Structure formats: C-alpha cells, structure tokens
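Contents: one structure, followed by commentary.
Should a chain be cited, it is by its letter among A, B, C, D, E and F, assigned in written order, with residues numbered from 1 in that chain.
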Amino acid sequence: MSSRNHAQWTATPNLQPGEWVDSRIYSDHHIFEEELEKIWKKTWIPVCHESELNNAYDFRTMTIAREPVIVVRGKDLKVRAFLNVCPHRGNMIERRPAGSFKRGTPSGTPKTMTCMFHAWQFDMKGRCVNITRREEGYQDRLCTADVGLRELKCEVWFGGFVWVSLDDDIGMTVEEFAAGSLDCLAPSLNEEPLEVFHYHKAIIPCNYKLWHDTNCEFYHDFLHYHNRITGFNDAYFARKNSGFKNGHINVGSFEVQYDQYEGFESREALSFPHLPPNHWYMIDMFPGVNFNLRGSALRCDLMTPLGPDRVMIEFRGLGLASDTPAERQTRIDHHNSIWGPFGRNLHEDLLAVTAQGACMHSSAEKRTILHGRHENETIHDENGMRHYYEEWGRWLDRSPGNPDMNFAAHKMQSVADNAQRASAGM
Amino acid sequence: MSSRNHAQWTATPNLQPGEWVDSRIYSDHHIFEEELEKIWKKTWIPVCHESELNNAYDFRTMTIAREPVIVVRGKDLKVRAFLNVCPHRGNMIERRPAGSFKRGTPSGTPKTMTCMFHAWQFDMKGRCVNITRREEGYQDRLCTADVGLRELKCEVWFGGFVWVSLDDDIGMTVEEFAAGSLDCLAPSLNEEPLEVFHYHKAIIPCNYKLWHDTNCEFYHDFLHYHNRITGFNDAYFARKNSGFKNGHINVGSFEVQYDQYEGFESREALSFPHLPPNHWYMIDMFPGVNFNLRGSALRCDLMTPLGPDRVMIEFRGLGLASDTPAERQTRIDHHNSIWGPFGRNLHEDLLAVTAQGACMHSSAEKRTILHGRHENETIHDENGMRHYYEEWGRWLDRSPGNPDMNFAAHKMQSVADNAQRASAGM
Amino acid sequence: MSSRNHAQWTATPNLQPGEWVDSRIYSDHHIFEEELEKIWKKTWIPVCHESELNNAYDFRTMTIAREPVIVVRGKDLKVRAFLNVCPHRGNMIERRPAGSFKRGTPSGTPKTMTCMFHAWQFDMKGRCVNITRREEGYQDRLCTADVGLRELKCEVWFGGFVWVSLDDDIGMTVEEFAAGSLDCLAPSLNEEPLEVFHYHKAIIPCNYKLWHDTNCEFYHDFLHYHNRITGFNDAYFARKNSGFKNGHINVGSFEVQYDQYEGFESREALSFPHLPPNHWYMIDMFPGVNFNLRGSALRCDLMTPLGPDRVMIEFRGLGLASDTPAERQTRIDHHNSIWGPFGRNLHEDLLAVTAQGACMHSSAEKRTILHGRHENETIHDENGMRHYYEEWGRWLDRSPGNPDMNFAAHKMQSVADNAQRASAGM
Amino acid sequence: MNQETNQKMALAADSSSTREKIKELIYATCLFQDDLDWNAWLNLCAEDFEYAIRAYSPEIQSDMTYISGNRDYLAKLTEMLPKHNSDTSPLKRHGVVYRVDIADDGKSAAAVTSFTVFQTQLDGINSHVDAGESRLFLVGRYNDRFLIDGDEIKFSEREVRLDTRRLDKGSHWPI
Amino acid sequence: MNQETNQKMALAADSSSTREKIKELIYATCLFQDDLDWNAWLNLCAEDFEYAIRAYSPEIQSDMTYISGNRDYLAKLTEMLPKHNSDTSPLKRHGVVYRVDIADDGKSAAAVTSFTVFQTQLDGINSHVDAGESRLFLVGRYNDRFLIDGDEIKFSEREVRLDTRRLDKGSHWPI
Amino acid sequence: MNQETNQKMALAADSSSTREKIKELIYATCLFQDDLDWNAWLNLCAEDFEYAIRAYSPEIQSDMTYISGNRDYLAKLTEMLPKHNSDTSPLKRHGVVYRVDIADDGKSAAAVTSFTVFQTQLDGINSHVDAGESRLFLVGRYNDRFLIDGDEIKFSEREVRLDTRRLDKGSHWPI
C-alpha cells in the first residue's frame, strides 16, 4: 500500500476493458465535434414539454447541437418543429424563448411567424406565406413554395414530452429509440396530463457526459447527506440498474424515508398515478437525458453540450395538470427540497462535476477513469456507465478506453485481453 | 407550398451563381484570418476624422487588423500614421485613445512620443530622438537612426477623414481606391470643415460582413417602423443602388418625410452644403465602411473585425465645424433620434445582425444566404451585396457561393451554369 | 534618421544573433503548449512556503502546468506533494486553497483526505486507506493498494519554500537545479524561519516570459519614478547581473536611498539577517520564478502560464517568523509601498507588460524584440534575458530568434553570422 | 408652535423613524446573511415568518418558486449546513431599499429592495486560478413584509424575486 | 425647550423630510422604469422636464449627448415602443442617492445618484443559452434637478451621465 | 406633549441627524474619490486619520494589509500621482451604508458600508477595443470610524475590507 509514481499512475488498470475510460473522451475538442455530428444530430431529444405550448400558435425555441430550433403548435393543435432559421438571409426567425404567434409582432401580422429582418412570413406548418415585395424583387424567379422552412422530425411522447430530431433519416420512432427504457414510468406519466412547474438552467464547466455519469450511478450517495440519511438500507442497495438497447438505463425503485431528514416529509399523499408511496424511479437516456420520479415530483434534465468542457443543463420539474394549487405547492416544495437550485442534492452534484471537470478541462493530461464496480447490477454497480460507453463507442466508432482505436478493435482487444487474463489466471 | 426536408433545404438554390453565398464566409476561422491578411491589411481604412486631432502634437490610437496604430499631427500640422509599437521590446507606445504630446508624460518630455517602458522617444515624424543610456548600452552598435517607428501610408481625404493603410505597396490613392463612390457626397463634405460630435462603439457577436450587408441594402426597411412610416413612397423605391470599382456602392437620394414619425421633425433648416432638403445619401465602401448623410447629420460606421463571429463597430456623427451651439444640438438630436445608441433604427439593426450572427456563429452548419433580389438596381435590389461579394471573391480568390472553390472556377461555373440553364429554358 | 517602411521594419536587426528574439515566442499557441510539456512539467516549482502549512495535516492546493497539485504536511511533519486527482473517477480531491485535514469534512473522517464524490480516502502519505463499499463493488478485483495517489517529487529548500516537480525523472535536486543562483540570498533566508504575510494574484493578458523579462532587467527603471528618485547613482548602475547554469540570473546589491521618495523611509532597522542595510538582491529563476529582497521584506513571484497571452502571477511577501507585531507591520508597510497591489512599482510593471502583451497577443504579427544592450553585465545590460533565452532554446530545441529553426542550427547560424560580420568588418 | 403641529410632527417623526428602522432591519439581514450568521438573521424574523425565492420563467411562461419555507424550516436547513458539501464562496448582498409603505394602522409595513449579489470565488471550481475573483451572481428584489408591535418590528415575509435564472451551481444558502 | 429651538427643529425636520422625499422619488423612478411603467415615471416629472443621456468621450475628447428630449418627447417615444423591434431583456437600475442639495429658498433641489444597470438576457441574442443570465450593462450617475412647490416635488431635469461607452446593441428604453 | 417627550424627541432627532450626516459623509467620499478629488476627500478626515486596505487570504490563512497609512501619507501619495504611470480607467464606487452606530457618549461613531467598485476601461489595455467597457473591479466593505465634535464629524479611520483578491493590475488610487 503506497502512493504511486508516474509510471504506476499511468499504467493500464488491472481491470477488464470496458471497466475504465480514457479521460480524453471528456476533454478532446475533436471528439466533441464528432459527438455533435454523429450523436447529437442523429438522435431524439426531448426539447420541451407540451404544457409549455398549450394553445394553438404557441411556440418554444431552443437549440440542438448549436442549430436553432422552433417548436410551434398549429391551428390544428399539432406540434411541429422547424429550424428557427430564415430561408432568406439566415436570420433567427424568433428570438423569444416562448410565446404565441396569435398576436402580431412589430414587423409581422398575427398567426404567422415573421422574420423581423425583411418580414418574410411562415405559417405554423412551415410554409412560406409571404415574401415582401416578391414580384418587384424576384419576378418569376423565386416563389414562396421554394422557400419553406426546414421541418424537423417531431413527436409528442411519454407524458407529453416533445421530441425532435435533426435527422430526417433517423429511421426509428421515439418509442423504438427508447427501447423499453421508458416503460417503468410510462403508466405514471401517461395516466393524465402533466404540467411543467419548474425550469432553470445551469452552465457548468465540465463535459456533458460527466453529468450523465452522475445521473447514471448512485455510488455517489456518499456525496449527499440527504441520501445517506434517507436511503441507506437493504432495499436501497437492492435497487436494480438495468441496461436497455441504445445505451439507456433504468434504476429500479424502493421506499425512501424522507422523514429521516430534518424538516422533510413523506411524499405519500401526492404520489404520481400507479406509483407506490415514496417510491423513486430513474431513467437515463442516451446521450444526455434524465427522467427522475421521486414520489410526488418528476424531474427531467436535458443536456446541451456547449463545448468539450462546457454543458448547459436545463432542469424541469413536473406535476399533474389537475393539481389543486395546494397540491402543486406541495409538489414544488418536494421538488425544491432536493432538486431546486437552492435544494440539498443538486448543488452537491453540480459541485462535484465542476470539480471533476476542473481536472478534465480541454487541455488536461489523459487519465484513467474507473467504471469497474460490479455489484450485481444494483445501484452502486457502475454497469450503467459501462452500458452507456459501449453504446457511445458504437456511435463514434471509437474505443472509450482508448479513443485512438476504433470500436471493433476495442471489442477484439477486450476479447483477447479477457482470454489472456483468463489463461494467465488473473 | 410546404416546409422542406434536409435534402431540399440544403439543395443549391434555383438562382444564378452570385445570387447566393455560402454562410461559411461569415463563420469560418480560416477564411477570417485570410480576410485580415488579404483584405484588411491591404486596403485603406478611414481610422478617424481630422477634427479628432486638431492641433499640433494631438494624437489618436486605434488598431487595424489587430495591429496597433497611432495617428499624430506634426508640428507642421501634417497628419502621419505609425505602428503604435516600440522598436525596442515591442511595447505599445501610447495607451490612451487620444490626447496631446504637447505636455510631457510621467516617463517622457513634452513634444515627443515616449514609450513609458524604457523611455525611448520619437518625434512626430516617427524618428527616434532618444535612446535612454544609448552609449552605455549600445556603444556604436545601435543608433537612433536604426530604430525609427514603422510609418504607415496616410491621407486626409473626403471631408477630413484620416485614411491609413498597412500596405506600403497599395499602389493607389484613397481617391483611386474610392473609384468615384465618394463623389455623390464630396461636394457636401468638402465645402467646409466638419467636426465629430458623436462617438460610440458596439461589439456585436456577428461577422463584420453581416453588418456591411445591412448597410448595403434597404430591403430591411421592414425591420424599421421609422423607415416604413417616413419613407415608403414611389420616390423612396426609385433610389438607385449603384456599384463602383473595388466593391463600393452608393445609394441615391430622395426626400424623407421625417415629420411622419411622431415627435420627429424636418431636417430642412440644417442641410449639409449642396444637399437638397431632407435628402439622404449612403456610401458603402469595401471592405467595411459606411458614410450616411441624412440631411443635417453625417454618420460614419467603421468596422473592426475581431473574429469570425465578432465585430467592433465605431459609430461617428459629424456636423459642420462652423455650427453654432444651437445648430449643433439640433444636428445631434437629428442624429440620435435614429442613429444614436438609444435611437430608433440603430438598435433594431444591431438586434437583427445579432440574431443573424447567432445562426452563423463559428461552428454553425453551412447554409445558403440569398442575395437574389433584382429590382432594377434600386434600393430593395440586392445588387449591392452581389457587387461586394464579387469583389470579395477576387481579393481572397475564393468563390463566395462555395469558398472551397477558387474565384476563377466560380466565374467559369457561373458562365457554364447560366448557359446550361438558358439551354434548359430555366 | 527617419521612420521606417515595412521592409526596413521587418529586416533582421543589425545585431548579433541572441541579441533579439522573435515575438512569436510570446504569442504562438503551439510553442506555448510545447513549453508546458518540455519546460514546466520538467522543472522544479516553488509552489508555496512551508509557513502556509505549519501543522500536521495542513494542506495547500495549486496547479502546475494545469495539473492539480496538493501539498500536505504529514503526521511526521514531512511535506509531501500529490496530484490532487482521485484515482477513482478523476475528481479533484480537495477544492479549498488551504486548510487542515485534522477535522473531518462532510463526506469524510478526520485526518484523511476524502474525495467528496464517492468518499474514497487517502492518508497524508498518499496511500488509499478506504474504498467505500469495496468488497461489495470490487470483490477481489481491486484493493486500496492499487489506487494510491500519484506522488510528486517535493523538497523544502531555500528559506522554507516548498518545491514540487511533475517529473519523476528530473534527476537533480533543487540545489542542483538552482546551480548557485540562490547562494547570494541563502544566508539571509536560511538563518531563521520565515513567514508569509502577503499573498495576492494577478491574471494579466500577456505571455509569462514578458513578466519574467521585466523581472530580469532594470533598464525599465525609467518606468518607475520611485526607482529613478531612490536609485540612480553610480553604485546603482554598477550592480552586477550574473548568469547561472539552467538559465537563472542574479542581480547584485547596492544601498537604496528610500528616503528620497516622499513618505518612504529607510529600511535599515529591519534588515534580513546578514544583509547590509537597505540592500537589495534579486534572483530570477528559469522558467518563471523571482525572489526579491529589499532590505526588510522578501518578495516571491511565481508565474503560472495560462495561455500564450495569459499568465497568473502569485505574489508573496515574507518576513521573519520571529517578528514582533510592530516589526511585522513595518515589513508589511515596506513591502506594500512598492510591491503591494496598491504600491507604486507593481502597478507600473503590470501596466507595462499588459501594454506589451496587447502588441503580442496570440494572433499578432511577428516582430523583433531587442535584447541587445551590453553594459558590462550590470543592471541595464540585457544579458539576463539573453541568458534566459539561450536556456529556453535548449529546452525547446528551438531558436528564440527564429523558432522555426532548431537550437543547433541557431547556434551554428550565430557562429557563422559572427564570422561573416567579423570578416565584413561590421 | 401649537399643539396640533406638535402632534403632526410627532407622528411624522414616528413614521419616519419606523421607516428608518425598517431600512436598518433590511440592511442588517444583508450583513448577517453575508456573514453566514443565520441565527442573527432569523432572530429578526417573526415566529411565522415565511421565506421564498421566486422567479418568472419566460421559458415556461409561469411564475416559479425555487425554495420556500418558514422560519423553522430555515433554522433546520441552516443548522444542517455543516453536514453538506457546499460551495462556500462568500456572497455579498448589495441592496438598496427603494420603498417602504407603512400600513394606515401602523401595525404592518412592506418594503421593496433592489439587490445584486456578488460571489467571490473560493472553493467552487479551480481555486488556484479562480479563488479571489468576484463575479455577479444574482440580480433581483426583496419584497419584504413586517409586523410592527410598538417599538418592535419583525419580518413577517420575505420574497426574494430573482431576475437571474442562470443559476449554475445554485447555492445551499438562503439569499 | 424654547420657541426658537422648536422652530429650528421644525425647519430641520422639514428639510430632512424634503430630502427623504427626494430620495424616494429617485428610487421610485428606478422601480417604475425597471417595470417599464413609463407613464408612472413621467408623472413624477414636471411639464417641462428635460431628459438627456450624456457621456464624455476620451476618443473624440468631447462631451456627447446620446439622446435628449422633454417629457412630451419621452411620452411619445415610449408610447411607440410596441411598433418597434426591441431587445426586451429586463434592466434593473441599482442606484444610491449620494447627495441632495436643497436650494436656500427651498424651491428647488439637486441630487446626485450613483447607479449601475444590470441586464438579464431575454430575447437579445441566443435565448436558449443566454436567457436568464445577468450582466452589467451600464455604470453612471443620475444628475437630477427638482422643483419644490409646497408638498409637491417634481423632477425638472435628469441627466444620465454614463461612464460606459461600449453600448453594444444600445436600447430603445430611457435609462 | 410634555417636556420629557419633547426632550426625547430632540435627542432622537439629534441622533437621527448625526446618522444622516454620517451617511452623507460616506457618500461624499465615494463622490470625491470617484472624481479623483483627493484633497476634498482627505478634508473630510481628521488629522490623525488612519486608512488601510485589508483582506483575509484563505490561501495563507491570514489577514493581510494591502496598504496602510495616515492622512499625511495619503496626501503625499496622491500628490505624487502625476509622476507615476497609472491605469487611469475611472472607478465608480457603489456603496450602501448598512449600519451606523453612535457611541453612547455621542463623541464617536462607527459605520459599515457594503460596496462594489466598477472600472470603465480607458488606458489600461488595448483602448481601441476595450475603452468604454465597464467591469466589476472590487467587492468589499468600508469599516469606518468617526469623531463627533458638536456639529463637526470627521473620519478617524477607514478600513477597506476586500473580498476580491484577484486584483490584476491593482491601482495607484486609494479605494
């Protein structure tokens, strides 16, 4: 038992391939850009919740992999998504985060999206409905039919979340993409309409995957006084951590003892439909989404990678649309006590990944990050991360343990290593 | 009429080459550095106005393409320009934006430029006049004659603007460079001395050419309530937009109805010399300068590109040096009402290019930016931009429509495309 | 005697090779990264002073070349250094700048370093003493002996400074590295224990070597009213500037006339041991450390390069541990009057390198920086810098005068040039 | 100077001194909270004091509560701080009381304070480089309510209304 | 307590209450302007109120006016705001009244207020990432003048004197 | 209204006016120092006025003095400023007096002011790009002490206590 020198510190860990990753996957600029192209522009993202655009002509704007996106609800109440970019000279069509096109804007008439720059107008189906001084300027050379908006694949799915993909050829529905990972919460979320009551954002100087890792494992319970005091018992440690196709995972439930933390209370009275009292489920979806239901309040984290060492996380809290004001307030309190920006756990989690990010900034030395715990796929196992990085390696065709190697080589290497270790009796 | 999918959105527009540009010219790092080298370091820049250095020993400092520049007025009242860099160890000689060398500085005697670091001194002609402890330190190895400042080409031209070029071999005067584009305003500006009364700066997260585009076209009148209310009539739309050699353009004049905007007034009483009442001329000079005369007040925008997605714009307002205080105040009010930092139009213009820049940041996807309006070369035509980018392509030897192609290939392509389209009856 | 055009300005100076450097060594990104790898990670750095961790279990954290480092004092009172990085998932183990492990932390027990994330624990010798739920998660596959901290070479030397190196194979002690450069101050600093009384930091937009240059030469006395008024006499100019192996230099002493500056006083009464009254010694150590003793107060600057055009400088002030409160206050006043953040000289020095840095930012044009003064190796000679850059060239294998050339070529070139000049009678 | 004037003056002086006391109370909370003296802060609050941090979200177009609780809840929360891992970078609340309204019956009052909070980095990120750097953390208003009982004035309610909604790591500390 | 003392006290109290009222008026403008209640703001101003934003430019070495106008002009300008495209990111004026001088005749007064303005991003740039982030927008002083007519005090003049001259997008709103 | 009430009112008014005067004095220093009127500032200080800038360093875990001196020393320092090369970017001190405590004997007082200092770039870096941009420079508190002699109140001590310890170029100017 001793400290280590440089050679020991940088040696390949005496673990199985897949049980560690190379820290450069959290810090390399080139890998980051590749992730945006090969993962984030090719997947489904739950960009917002339908309750954020309840009425015809309501809209929400956001970005996916830096591309501006707008989601609007049509006169037909259908939700559609478009690039929020004007076909004329590339202006951002709508600058507000949310609102309604029912009223006009300074440069535009009601019930249309108007690009304020030269006032080209689009309807809720993305069709161009007006080019200002079209005849004078374009004669017969360009007509509105040529310049519709870029429409994006869009589905409302799983308790009313609005999913968008930049990839026309994604070739699977959200359901297919989820591959069963959402099933554990579906009954609770699909029973009756939900409503967002909380939104805040954090921009953190760390790689987005460090946040996802934290969401994928409970081994960091040691970080949280609240978890230690309200959780640690046999049922807690027996919760299953299960992998699904496409890199998603689930964490199974148990009964949390909220009243063990001074000032906190049982959440039994306001459980989501079909959820046993004080139970707690968690879903982590590839590449950076988290759904987390603790009894009375649903939380959803959406990551937007801003750089290899910079991520924006949007935090949403949801209750039932049918809540009375008093019920709603209770849900909000439950949500905030742990998860609010002034709550007990969220601050600790963000503090930890900030510190982790400070060691894995974009010019840091390569290190070995261990994901090697095996605990029967229960919550202190690190199988969730192993499952995620296997998928990640597949999408990028890189080995997470050595991103200079391609994924096939990595798999073969793993097999060979295992064989060798086995034969060497390691 | 419909929205578009990815293939349709990214297809080459059904327009003539030259009628669109590739958005990467607004966002690519490599192209940006090339622009500084091949355009900004090779052209004339009106860095300030002579009224900013009225007296012998007055100076102004600035940068061109990141190089520090100082402009000083000599004892002989001649204005000269130098690199603001000390030949000794490369310190910035003068840190203040403006002032006078008539008084001494803490480390230097009057009537010289003194580098505060080791107190080397230079006269207003850029000659080194003192090396501190020269004999002790350099013996006969280095003398003041060896270490004069780097002098830059400098002309005072066009209503007293001070033009500087970093290129010793530019091979043309400002007049030759302007190629007639300044003629429309020359009588108004050269009749009597002008004076700067307004200066402010904006740093905007967009490419400098997006600001120049906005200055080059009036199609964005739809952005400005003020323009719509005070301008739109037949004379307005008949204003000519004319190209000149070297990428410059002019916008012809008409009579603005200022009193149509509540609270605003006619500018007739204070028209610049030789300018018909309430008339309005605009000159856009390649690569990023704008002169704009609205009746009583002259505005000049100078762009300083700071990065592919970052530009500093310096806004100047000018009146006649002979103004009475009351006249001056009126000019200032006229200037500010539309063009001041709290005026009606400037904020809108800057808001628009900020939004445009947000879609063309340095890592954005390539998009097609349309410059295809033809309206008999009047103000809603986009010929100004086509004229500019043709010049731009020539200086960089790149096709604006596809910067991966060189300019000659682009020209041939255009001819071929046209022929093909013509034969296909498109 | 005249100003210069571009060709003259960019011509090779009519001086000997080694008497100028290419400004790109202060601005190039690639060179900067190379410096971190080949110099900063291969040398000894005095990261703090032992008085900052007086007691067993005290610690200090810092970074070297971006790598997080922690220095702790063991139960055995020995000072040791480790990477401040957790072997589990790469978290920064300790976030505070200083403190004690004697008391526990929210996630950890007393007398251990605890990574708050998953509560792995380490003792003061860097040994892992606890892996939370080790048996459950790692069975026999991983034990504490495998996951000690990375220990770094560490010495307490020269008046109690704590020196750390990231290089296990550095192959020399601090004493050997110093190569005699510290000898002039050793008697004064080693006589009795010192204590830090001042610490502040500056982040300056310039290359770290510009700060080191300023520390290496006194020719910039012209910048400082205080120096001119209190220093300039024959003894002042006779001070020797001597080079030592490994790029270090010394500046010899003389008697400063502090009372010539209004409001300041003689420092005689509180001279450091063995130091003649009001004397002043300075040591500049390669690659970026400065020790400066002005009579009653010792100053130490430590540079942390943050980028080619960004450096953090940590300023420390030290007195004798045995000071009475009144003595200490006097030392502090002496220190502050010139060197404090509100003192007379430091502000001027930092102002100068900021202005210099503004001309040598990371995209600036290449310029020639002259280091050509010869004054018998006294303080206005620039031999200190020539000595430094010779060493620098050796470590990087690049010519400081033309970093595109390797160091050997540079040496040969120098010899050839000299021969040619000599034969040409230059 | 007649009796009536005297009385009016007395009343005015009274209300003006109440006004001043209220300002002093608000400023005292800034000092106490900056200094992490949570007890001293809560001692200025009535038994049934209600505290909340709220913000309007233009994203979800709705008012939000980020945390809320009574004096008791806050007391427990702040007592338990040592058990938590926190960013302990000091905060400085910079408030200006813009408006004090005393109820006609003189038994209660309300006040509006515009504030900014600055954070000086300590242990929240890379302390070697960042510690000692001050940054704008929050912009908002305090909407306070008071109970006046003779000479005694206590906070009955504080709503912290934030403009800032990019809260990054957030905080374990009441604002 | 004699008659004279009584009178002196009354006068002092008077001037001190005028002083307080002036501070309250200034703070009221901050609240009203922050809340975009332009009418309420202008109602605190006299008919011939004159407003100007000014700054000294070290670049052109001259004093500048960035906007100026009387109450009427401001009323028109603010009424027409809905017709314009604006960055509507909320501003918070953070002012501290540093000095109030009441004229000897008690009929007018002048005040100096040091202020900062913070902007919380909303729709001025890329709202997905930036909205909710607060930034320093302006630093400067209010130089105000007042007309005092018995109990009624009104603004007769406001000069907003800016230190900040990097104004970027600027604003459609009076500061 | 009886004699006693009258006297109590007089005393209260007195102490409240002392309090106001102290606030005005502190704010006057902000204005004078912002305007580089060092003499006017020092004229508000007693002969043996003591000034210090201090900060606690969590790095060396000790209290530090960054500069200290009496009125005389400050007078000399500020007189000699023209001989020095300085960053002359204007500073704006933005202070709010949080607390004034008058000694029982009415002969001295202490005050706590929370402040921020903003710097508008002028000549400290690349002025073409940076001049006119305002930045947060310092966050801290003024801990002031006063001598009260009848109507005359003077500063006897100012401790500037900084939170900010990333001071970069620092300053030649007292804060």
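The rule is short, and it goes like this: a contact is a pair of C-beta atoms (placed from the backbone, for glycine too) under 8 Å apart; a residue touches a chain by one contact, two chains touch by 3 or more.
The shown structure was predicted, so the numbers you read here are calculated from the model rather than taken from an experiment.
Think of each touching pair as a link: the shortest run of links from subunit C to subunit F has 1 of them.
Listed here as common contacts of subunit A and subunit E: B, D.
Farthest from subunit F, judged by the mean position of CA atoms in each chain, is A. Most remote chain with respect to subunit E, judged by CA-atom centres, is C. The centroid of the Cα atoms in subunit C and the matching centroid in subunit E are 49 Å apart.
With centres set at the average Cα position, the gap from subunit B to subunit E is 35 Å. Taking each chain's centre as the mean of its C-alpha atoms, subunit D lies 25 Å from subunit E.
Within subunit C, contacts with two or more other chains are made by residues 68, 92, 95-97, 106-107, 116, 200-201, 203, 223, 225, 351-352, 355, 358. Listed for subunit E are residues 13, 58-59, 83-86, 94, 96, 116, 122, 124-126, 131-132, 136, 165-166, each touching two or more other chains. Here the chains touching each other pair up as A-B, A-C, A-D, A-E, B-C, B-E, B-F, C-D, C-F, D-E, D-F, E-F. Chain contact summary for the complex, subunit F toward subunit D: residues 1, 5, 9, 12-13, 16, 19, 58-59, 94, 96-99, 112, 114-116, 136, 138-141, 163-166.
Remark: subunit C residues 61-63, 68, 92, 95-97, 105-107, 116, 200-201, 203, 304, 306, 312 touch subunit D in the complex. Across the interface of their complex, subunit B is touched by residues 82-86, 122-129, 131-132 of subunit F. On the side of subunit A, the complex with subunit B involves touching residues 33, 66-68, 80, 82-85, 87-92, 95, 106-107, 116-119, 125-128, 132-133, 136-139, 141-142, 144-146, 148-151, 167-168. The touching residues of subunit B, counted against subunit A in their complex, run 1-9, 13-15, 23, 213, 219-220, 222-223, 225, 237, 351-352, 355-356, 358-361, 363-365, 367, 369-375, 380-382.
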